[in-house]
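Encoded as structure tokens, the structure appears first; notes follow it.
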């Protein structure tokens, strides 16, 4: 699973940067073509859902996705599938 | 003070017959010209207000007057004024 | 022939129902045409209630009663408001137990309320007594038609009482006969 | 002479305020006539915002801008939606820090947002920089009139900053001069 | 086998609705229309339909629109004050092309006015009472028989044209009881369901889109905002708006002739009455009493769209006389279409014009 | 000393109200009228007036009527959907002869339609939108200057005629900013207070009763029911009703000429534009650009009562051209009064007619 | 002076049916008002539409008989425009809680300084007996011919939740208590709501097995449960029958109010 | 299937401002609905007018975007005419509680089997920031330029007093809790009301000292007081600050309901 921000939807509100428990979203720096500063992902492999969705067969955490008011965050399948090896940070 | 029913207003609902604590109002028997059966007064001298209004300088009891939905009950001055001599019935 | 009938009395006497029953009798059982109208409104509360009925052999065009030729009057106030001006050519059936005045036209004195209370035990059927008298006095609908219409309209269980009331009215009208002023 | 001016950019840049200030300058301090209009509605959210201004020496009859001859453009989307079709005879002042395209008409490249942020420390005054440039490029209102209108319209305490921004715009326009496609 | 009844107009209205397959009624009591609701409240539950008394007339109008989108034939009934409250949602029904039937048993206005007396004072309101441009259909019954028939017809028109249809009765017709002959069966012309693959607001050649019933998988978005053929809001494009509103008006106005329901009597006359609702009865009486063919009569059952062609059937007309229980509302409309004098014969206060009054108007030389 | 400002139309409206002594404003936000309320919300409290945002438009209309009976000059502002909701209480104001001012900044309808785009689709509604027969006064501003002046004038008319007065603006005039010259002072023509001993609904020779302000000892009963001159309900007497309603209508319609406010330009022309509100500006442009006297122009500021006499000033007219931001609502009214063709030039969708479009209409030969 | 002086005597008798409780409630209200030493010229009665709403027409002061359900919105205009006026509203359950429900809760929320007397007869009287939002479940009316299936409002609960400063409920039987409650309502700054349960013999009683007026008054009396007693019953885990209603002062508080005379 | 499948993707991005919480609340609602195994063809979203009320337009099912304040009246028609349909309403504080207040309390009273999600941003967003009946005292808006002087409604209290079966309040910060509350609401027969406090950076935040979206979300979080905690505080006589609001499930009961699927 791979965390992605859909640049055609994101409006740069930065809510994701606040609510992700792993602090994966960082404020972006440069406006894109639509004039929007999309957040950047900081080591998205740490995301619980990326790592464990396959394992549990359901969406885990998902707070960023639920919170993103613009339906800009989701996960894509990765081929080939590789269980992530990053330890959870406390 | 004299208790009177204004026949031009009374609609014969008989509420007064129910609520007077002294049971002064009795259901009437004959329709008047407007086709209404106005209650009759049974020894109205027993009425607390008739007896005591002058003494206390304010309306006493007055439940029949307040209750009468048709503003048909009131007290008239009597000349000469005579304090009533009927004892309260328990 | 167009007949215009005016009904009046006080609330609770079934003045409107009387008109409806008579209209129903004409339409459903005598194959005539009829239009029934009445006075509505809070102002109609308390005071005299009024209903009107037109019966005709042909379809009725103008639906309002303007020159009634038949009156059924059940209270003094009703008489004063709706019956006092009855033309001489009219016929009036009045409840003599409640109406003190008398009209300038032919009239029938029917002590309907009194009879209803005393003979039939329920003053509520006074209007049915009046209807019986009315058809006797005017032949505006036939007795079988009226009877069926009454039975259609009254509460279950009161059929016998109402039929009796109607018959009583027929009888009273026949007995008393018409009066002229 | 009737001049029609179109302003465009994105929400938050003060596009509408720019038009209002310029109109105010013309009316209140240059004794001209002006009509300002704009695009409203939720559809205006997010996308390009637009405002229009007519300035004339005589009373303005038809109040809508149909053939703008002056453009002030502050975003690429604004350029595409509202500036790309500018006729060759027009004059456009564009924020070169945000608009990548260039029109077919005479234009002035003003790096307003960049200058506002870097030189003046507040990108919010980029539109005032642009206004300064605009009057330099077009002489549509006088500098004193514009300055007064700006001072009427900006929050207390920011007067100096805004005057500086206007002057900066005048300076930038004078420096860069007009370009032709 | 037909059946004779002696019914009140409001009863006939309710029965006409039931005969037409009305499955949903939402209303709020108001004199002189209340008997319609009361009758339906007693009957509809027994036929698996829904009667609901709403908190007000705004909600009643809303509820029948909601019900209509589930595919139900839906109706409300009211009178002046309630009708005024319905105006915003009537506009919504027009904009969203929601079939529904609104009965207005007219009483004396303005305001609370004369609750128990007859009037025809809402004839312009039913056409123009909501904001913006739109068109509707309005019928006016003159007999108890027509209370039944035109109510039933209203449902068919509503479904066919996807438009709110008004039965503009009056207290006289609503409250009087008279003889009525019930037909065996009322023909029901159902709505045309949207075909798969067609956009939900894409009209057919009659300018009417198929109906995307809720629950049938259309996934339709219905909005009172200006919308494109997908049903999506599109509120700043002038063309989309102009196109939509023009279609809403044209689908009704172009069908003027198909919708028109009227009688032309004595078309060669020079003096012609035009009338609808209760005053029809007086005109009929006058014509009957005269027993000649010198007076013409245009008896309207459809009021809106206005049957302007019908006026032209009176080739020799020198004046139109228009008795109405209002200050001359439909007379205004007639004035638009003709070049002869239009004599408004208003009557306010609840009484019907007397035959004598119309006779008198006929002898005036103008 | 006059003062120049560069104001938005809605601001000018609010300032016009304040200048006219408006002491009470109740409203509910709605695009494109909201700025009127917002401006008044900021200003009125500082002048000891009352601004209250009500729960809806029905309540807003109710509140200004209530306030008016305490003697206050009272106003509300709204747009289409809110206007539709006000209809019942507008009828109450008409029936009770309550002075009040209602601003409608018109947007595209029907229904929610185009909230941010201009229209003139409520012109018939403001005349006929409530049930029953009544009359009102409606003005239409074409400039920001007129937003100010006609708002102020509305208060005087409301007080003088005891009637709801409508300022029928449109989104273009409401939202644009333009130069405006403020007069030193706005003349206020106050209501005529009821004299002691006169019945509260007994009219003077102009058919207008004195106003029995609450709190001044008149002990007046005000009701939307049909009432006699004492103000007491009297709902089943046809004469009382007919008399009252006729007076309500006549007091306005008889004053048609006094109320009328219009300009007649080039009265000898054969082709004549009739226009009000924003489209006036296009007509002005066309006339200005042609710079000839061959085209006439009737520029209306008063819409209702309709200034039918003004049409007669064009002696040589062969056709009237009526550009409106609706499907031809006032064109309908003109058709009633003239025997020459009335060419409706409707424009829907929010854009103003372009000068070219009107030019094109002029060259068509009919 | 007595409360009888507040009646517009030329309009009596009023239009109410024989035995209708509305007249009783007007008496109690005027009796309370008469104790307030209010100037008649500075007192305004306002109402909507319904039998109950006809009350202001029988009172000598300025009065405003408005549109159905809107009395409180009109009253808001009157009171805010001239806080010197004492404003009292008569309304019915249909007027207040069906069509007028929104103005009711908003007037409570604003806590505007007026007093509202609701004559709750649990039916639409004026239009001939349709169900109202306070018609008890199972009761008959012309629009609930099979018994009302909807749950009724508790108007006092609603007023409290919406923010009214004073809320009390009595009946047309409890004339003295009602008079007193109205008086406290008049005295309390902010929104005061007094619900008076009352009989409509014509339209409620007749359809719901109350043959005589007296029967319905008796039922009001026997189904009324004093708040204090209710609280005691709850404490003791006793069961309160469904068809009982609570009477007494239900709240009295001091939230910020609008339109208070200064 | 995930809740994303419920979006009408051709209409995204939606018209909401950057940082507007409405999008979050739609996510939570659809996530709850996605767990209900509802057929899309049998689900209808209904709304009135406002930013919040635009939500149904972004969802693939049948949807009805009605007139301002009237969503619940329309919904009553839909649900009673066809109880098989699952009916969910999106509304705003202005839509529901200002103009729509009457339909709100009546839908609660009837306890009609629908679920209402109110996006309470304490302001009129769509029209540019006027005060609403939930604007807290003292807060600024374009129509309360000197700070709101009126007291706000507690919408949940109102819903409870009016008769709703299920009432809960959360915020746009509490996404998981909100999702769960909506789910319980959907499952509960009768009227379910879920109030979601949310940020309107454009019109509320900007005027009330919230410079950034994040500040307003933070404020929602810090002013939200769990019901259980509130109860504890009351028990211990602790003072609950005026500007706090209660979150959690506020009622869940089983009054008779209307329009329940059979």
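Side notes on the structure shown:
The letters A, B, C, D, E, F, G and H name the chains in turn, as written, and every chain counts its residues from 1.
Following the convention adopted for this analysis, a contact is a pair of C-beta atoms (placed from the backbone, for glycine too) under 8 Å apart; a residue touches a chain by one contact, two chains touch by 3 or more.
Predicted model only: the values in this text are computed from it and were never measured.
Under the touch definition stated at the top, chain A and chain G share these contacting partners: H.
The pair E-G is the one among E-H, F-G or E-G whose contacts match those of F-H for more than half of the residue pairs. Mean C-alpha positions place chain A and chain C at a centre distance of 87 Å. In terms of their C-alpha centroids, the spacing between chain D and chain E amounts to 55 Å. With each centre defined as the average position of its C-alpha atoms, the distance from chain A to chain B rounds to 85 Å.
Of all residues in chain D, those that touch two or more other chains are 39, 41-44, 46. Within chain H, residues 13, 16-18, 54, 67, 98-99, 101-102, 106, 126, 133 each touch two or more of the remaining chains.
With touch defined as above, residues shared between interfaces to two or more other chains in chain E number as follows: 31, 55-56, 58, 81, 88, 92, 111-112, 115-117, 223-225, 235-236, 351. By the touch criterion given at the top, residues 28-31, 34, 37-38, 41-42, 45, 51, 53, 55-57, 81, 111-112 of chain E touch chain G in their complex. Per the touch definition, chain H reaches chain G in the complex via residues 98-102, 105-106, 109-111, 133, 137, 149-154, 157-158, 160-163, 255-256, 258. Interface of chain H with chain A (complex): residues 2, 4, 7, 12-14, 16-24, 27-28, 31, 172-173, 175-176, 179, 201, 212-214, 217-218. Listed in rising order, the residues of chain G touching chain F in the complex are 8, 11, 40-42, 44, 46, 54, 56-57, 60-67, 70, 73-82, 84-85, 102-103, 106.
By the touch rule above, chain H contacts chain F in their complex via residues 49, 67-69, 98-99, 101, 124, 126-128, 130-131, 133, 142-146.
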